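To start, I am sharing the structure in question, which I have written as structure tokens.
We call the chains A, B, C, D and E, going by the order they appear; numbering starts again at 1 in every chain.
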Amino acid sequence: MAQSLQTDPTKAVGQILDHYRSDPPGVRANLYRLLMTGRLAGTGKLVILPVDQGFEHGPARSFAVNPGGYDPAYHAQLAIDAGCNAYAAPYGFIHQVAHEYAGKIPLILKANNHDVLHDENDPAPAQTASVRAAVKMGCAAIGFTIYPGSAHWKNMYEQLRALAEEARENGLAVVVWSYPRGSGLSKEGETAVDVVAYAAQIAAQLGAHIIKVKLPTDHLEQEAAKKVYQSERIPIATLADRVRHVVQASFAGKRIVVFSGGGKKGEESMFEEARAIRDGGGHGSIIGRNSFQRPKADAIKFLHTVMDIYAGKID
Amino acid sequence: MAQSLQTDPTKAVGQILDHYRSDPPGVRANLYRLLMTGRLAGTGKLVILPVDQGFEHGPARSFAVNPGGYDPAYHAQLAIDAGCNAYAAPYGFIHQVAHEYAGKIPLILKANNHDVLHDENDPAPAQTASVRAAVKMGCAAIGFTIYPGSAHWKNMYEQLRALAEEARENGLAVVVWSYPRGSGLSKEGETAVDVVAYAAQIAAQLGAHIIKVKLPTDHLEQEAAKKVYQSERIPIATLADRVRHVVQASFAGKRIVVFSGGGKKGEESMFEEARAIRDGGGHGSIIGRNSFQRPKADAIKFLHTVMDIYAGKID
Amino acid sequence: MAQSLQTDPTKAVGQILDHYRSDPPGVRANLYRLLMTGRLAGTGKLVILPVDQGFEHGPARSFAVNPGGYDPAYHAQLAIDAGCNAYAAPYGFIHQVAHEYAGKIPLILKANNHDVLHDENDPAPAQTASVRAAVKMGCAAIGFTIYPGSAHWKNMYEQLRALAEEARENGLAVVVWSYPRGSGLSKEGETAVDVVAYAAQIAAQLGAHIIKVKLPTDHLEQEAAKKVYQSERIPIATLADRVRHVVQASFAGKRIVVFSGGGKKGEESMFEEARAIRDGGGHGSIIGRNSFQRPKADAIKFLHTVMDIYAGKID
Amino acid sequence: MAQSLQTDPTKAVGQILDHYRSDPPGVRANLYRLLMTGRLAGTGKLVILPVDQGFEHGPARSFAVNPGGYDPAYHAQLAIDAGCNAYAAPYGFIHQVAHEYAGKIPLILKANNHDVLHDENDPAPAQTASVRAAVKMGCAAIGFTIYPGSAHWKNMYEQLRALAEEARENGLAVVVWSYPRGSGLSKEGETAVDVVAYAAQIAAQLGAHIIKVKLPTDHLEQEAAKKVYQSERIPIATLADRVRHVVQASFAGKRIVVFSGGGKKGEESMFEEARAIRDGGGHGSIIGRNSFQRPKADAIKFLHTVMDIYAGKID
Amino acid sequence: MAQSLQTDPTKAVGQILDHYRSDPPGVRANLYRLLMTGRLAGTGKLVILPVDQGFEHGPARSFAVNPGGYDPAYHAQLAIDAGCNAYAAPYGFIHQVAHEYAGKIPLILKANNHDVLHDENDPAPAQTASVRAAVKMGCAAIGFTIYPGSAHWKNMYEQLRALAEEARENGLAVVVWSYPRGSGLSKEGETAVDVVAYAAQIAAQLGAHIIKVKLPTDHLEQEAAKKVYQSERIPIATLADRVRHVVQASFAGKRIVVFSGGGKKGEESMFEEARAIRDGGGHGSIIGRNSFQRPKADAIKFLHTVMDIYAGKID
């Protein structure tokens, strides 16, 4: 069932949109649509369903556990049925459903992807879709992954810069997956709180309207940063503290920041994370495997609980 | 003898075309032509004649056994005489016959090629033709090879993305040869069922209208995938099982998937493969060397038998 | 509080603009605005507030000590309140404030940046903004960093050439951060007076309207240069001497040269540097961390003192 | 003395042009001019004078033995006086004479070149001229060298593809020098008959209207090919056999194939080669050093004999 | 004092221009201006003042000995006062003076440059200016350096090709600095007579209107060339012989060839070189450091003597 758009932005949404006043009306319209769709419409919070694992991990690893997911239509419908704010996927998945679903739910075209058939220490995704394709398919936004810390950082940032500019010129919002990774970082450093906050800052500086990062640990990776965290006594003990810090690093909360759900795990730990994101001032979650790898009814129930946490309906 | 087009799509073809509703009418028209040409017209099945071996393996290895094949016209005529759905070849071969054959049979312009005069562990084909050339020569589609698993995967995917977009804008269908190969994979892994299914998924995500892969073995290459195949008990014991799995990995059968015939071999083993493709829900075959390396009459008889298997006329 | 523009250039400004007579009126207009804004308006001197450390060093290292700085608006307002000539920052920071601050103070869009998540001996920044974006956001100039001495010098110079030409065609001034660094130089050589003078010359030759370099030491890095400094007895003993030499290397003072403040340090040493810059004929300073890492009132007081030194109001 | 064009194609020329019916009229017009110019006009045979050795080997090695050749006009006039079908040279040589000679004799602009001041195991020529320049100078065709077997094969093929397409769109014919060379091949393999036939096929597939290869030896380089030559008993014992095989590999003789004369050698061996080319069905020769390194009268006499062999006037 | 243009070409100039009849009128007009400006106007000889050492060697090494040279205006005025044919410099130096000097003396915009802050065995300059900039600044020509023998030869030749074509389309002449250098050559080989002649040939083939090379020694670098110099007894004993040979290698003297002055040296050795250039048929000199590193009056006197040698007024 498609979501209807409310005709006036709520106060929460209005406050968020105020931070995007340098953007053209078309971009603001799409941010508005993202914030006014689904069960969280008007709350200023978002839960987005992303399904790029077929490309990133392979189809069997992604969909065999719940085989309805082999079909691209499954996910667009799941996003609607669960009351998500948007559905994000690579070109093929979006193309397969756009004629039917564009308009019913905001579509985010994931414009670059990486597979695991050729592993690299310093990853760089391939551009797999264009702004022009997003426009033709009625999308609300493009998505783009950067890997700060990779030896190929420069190419990724420059590709993002060009695509983001083209997106803005075409009235599309830009969602950046900012995932530190590569020879510049230790494995533990990929989710270190200094690094995740830095990754959020970089995405914001590069023009992301919505920033997606991983939930940070309390590890501190970079020596020069560590000293400042200690001397300034930046609170990073709890997950909510760290979320708050990442949101602060995203232009003092003037950019929308959502957190990824990561690999499939227990419901309760997901709910705890949602509470921490909410309490730290995060704007929500992007939840892929924890949604589409559950049976549909379970997934909807699970997502509704997450949404209710964000909406403050439950603790 | 040229094939006449039937004026209404059969039910089978209509069902297939329903999955391409996001595509512009020009692309759908060409998919329609591909599905409504030849002896399999209207069945939803395809047998395509591809002749790029002159470029890929050299002329003597390809044509000496049946020297009529040195002449590009031989193949276009063979495709028509055998009732194939389409004829695919590199620029030179298509250019040589287009003035005569365009319109008589759908032409697929193979837009990239590799030779064997310089071997590479991590192959990347050269772009050898453009969409503009395909349009000028009256082609119905372009063909493009990617080698998932090669260190050059990113360049190939990005080249395909750009060409596929240009093709769609010009009303051409896109056929992707997705052949895993390179330093990311073992030799055995190139046809492993997890890898072939993954390669099909990637081609679909990148915008292939028609996916061409090799027939998979029951080998499982990637550790993380292997676990899922085992835990989810994905059936891969028979060739039909594996075809079914690859078709499922191609957007739950919403993309046309054809399988390559491989090197020349005995007729009976080809017929067995055709039965497995049919029983597994595959859409047909691309058969090159097993067609044009036989005397013409033999080739036609052979191809007719394959087509009859697909059409369900014989078992 | 925004600065009002005086309607006639002072003599000092007129003399400076005389050196830019080959530039189109739009560029001269923006140079005029830069020189006629803030407390130093009309003096021919500039103090510019640059805030790219969030990108270049990370958000916590940059802003935790004075957390108001996490908010992009803080810096634009600080630049105005302190009476700076201009405010320079990367895309995200400028974009966040442009709708409100463009026109109130000249904005310099920093068009390339480097982070410290991937360290390189031979650095090359990523282009992070375009001239088109600068025009759309009402900027007066673009900023661009080159690292002479890096193995990637050629790419940086060529990128600057193209961007500078596009900037001039669009009436924007070009500010070049010329920071020697890389495998061609020793660490000490990065601020050697021969190298800094050379870096200023290169920026001028590449079309910089305003050149930003570091304050040079009396070290001499290159053997062939050292001989000339000694044989020609070029005075480099005092900081003012060295500033004078760098200004001379900038087309005999026909290009505007400002010096960077470097890491946070004591006020008195900053004032001494300002006196040396003034006495050596430099055109002013770009002061980032020493401004925004102090409490706002302190920063304003501090900057006013620097400006008064430049204006000759105090010694 | 300029050659006059006959107003009707002879039967031989008509048969050749029939193979280029997919080409636009402008290209066919230039092929017609090439085939209807000089002493061999109308025979379907060609002798072309190429002079790129000044670039490829250096001026003294090329012209000192017959110093008139330092002057670009010498060669254009020699080509006319000897009754050649066309004159081929790099940009500078063509540019120097075009204002005078364009129209008098078909000019082929060699669009890429290599010098010997920097040797490489895996050569790739530099593009030294454009289609636009060829059009402006009234040329009939562009020439382009590829080195199959070089590690840089992909770049060369892609550069050729783009230039050939642009040439066709501008009505110019495309002459491809296909010279196997590089780390994929042994030295002996560069002229192996399997490799030369393969190189001719590649040039044809890439869109060459005229293919230039070296005369092949009876060496077989590639194992997989060797087996086929032996099992299929492909005749390669005599030079005429091998020429016939290469012509067959060029789309069953539907592409014009000319052979290079190589380094300066005795007249009789050149005449023997011409007989073999003729008897094997080749379309002629490109003869550089054996022409311009002889005194002019000798060169003309020599070339006339070669032409008479092709014309069947002498044995 | 600006030079007035004579209204008719002298016979010497007319003969030179006859060799550029394939060029468009705009290019011929600028060659005419170059040949009809200054004390050598109408003689067919040129002395050009180039000042790119600030970029190529650094400002102090270039200008400290005669500090007026830090000011770009110094050089343009020196070129006029000494009666040079043209003034050549990088973007910044030309830009600084163009509004005042364009029209008074032909300006040559040096479009690529190299600094010495990062040394390379295989150098490649950065493009530092565009044809568009040259047109806007009223220049008569662009200058471009290639390093034959460098591993980067291909990129440089291709960059030159593109720029030269754009220059011609815009009516600008092309001056090529052809300086053999890099891993393909020994140090001694950089000025070997076979190599310098080859470098001149390459520049001519690539479309140079004016070729600038270094004065050659009698060293022979390349084995294959050495044999020909010896067997053909090419005279290379005297400097005049070698100049004559280089001029011959420049299309039998149909391209303008000037020789560089090299590092600062005694006047008499410069005069001897000028005599050899004149006697060998060279078209003149490009004299930088030997001009601007002398006191102005000395420089003018020195340059006048060189010009008088070229004009045949003194021996």
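Basically, a residue touches a chain if its C-beta (ideal position, glycine included) is under 8 Å from a C-beta of that chain, and two chains touch if they have at least 3 such contacts.
Computed from a predicted structure; not experimentally measured.
Number of steps on the shortest path from subunit C to subunit D, with steps defined by chain touch: 2.
The chains in contact with subunit C and with subunit E alike: there are none. In the CA-based superposition of subunit A onto subunit C, the rotation angle is 70 degrees, rounded to steps of 5. Look at where the CA atoms of subunit B average out and do the same for subunit E: the two points lie 58 Å apart. As a whole-number value, the distance joining the C-alpha centres of subunit D and subunit E reads 36 Å.
Under the contact definition stated at the top, not a single residue of subunit C touches 2 or more other chains.
Shown here, the protein chains touch around one cycle, each chain meeting exactly two partners.
In the cyclic arrangement of chains, the order starting from subunit A and heading towards subunit B is A, B, D, E, C.
By the touch criterion stated above, subunit A contacts subunit C in their complex at residues 19, 21-23, 148-151, 153-155, 157-158, 161-162, 165, 180, 182-185, 194-195, 197-202, 204-208, 222, 224-225, 228-229, 232, 234, 245, 248-249, 251-252, 254. For subunit D in complex with subunit E, the residues that touch the partner chain are 54-55, 57-61, 64-65, 67, 70-72, 90-93, 95-100, 113, 115-119, 124-130, 132-133, 137.
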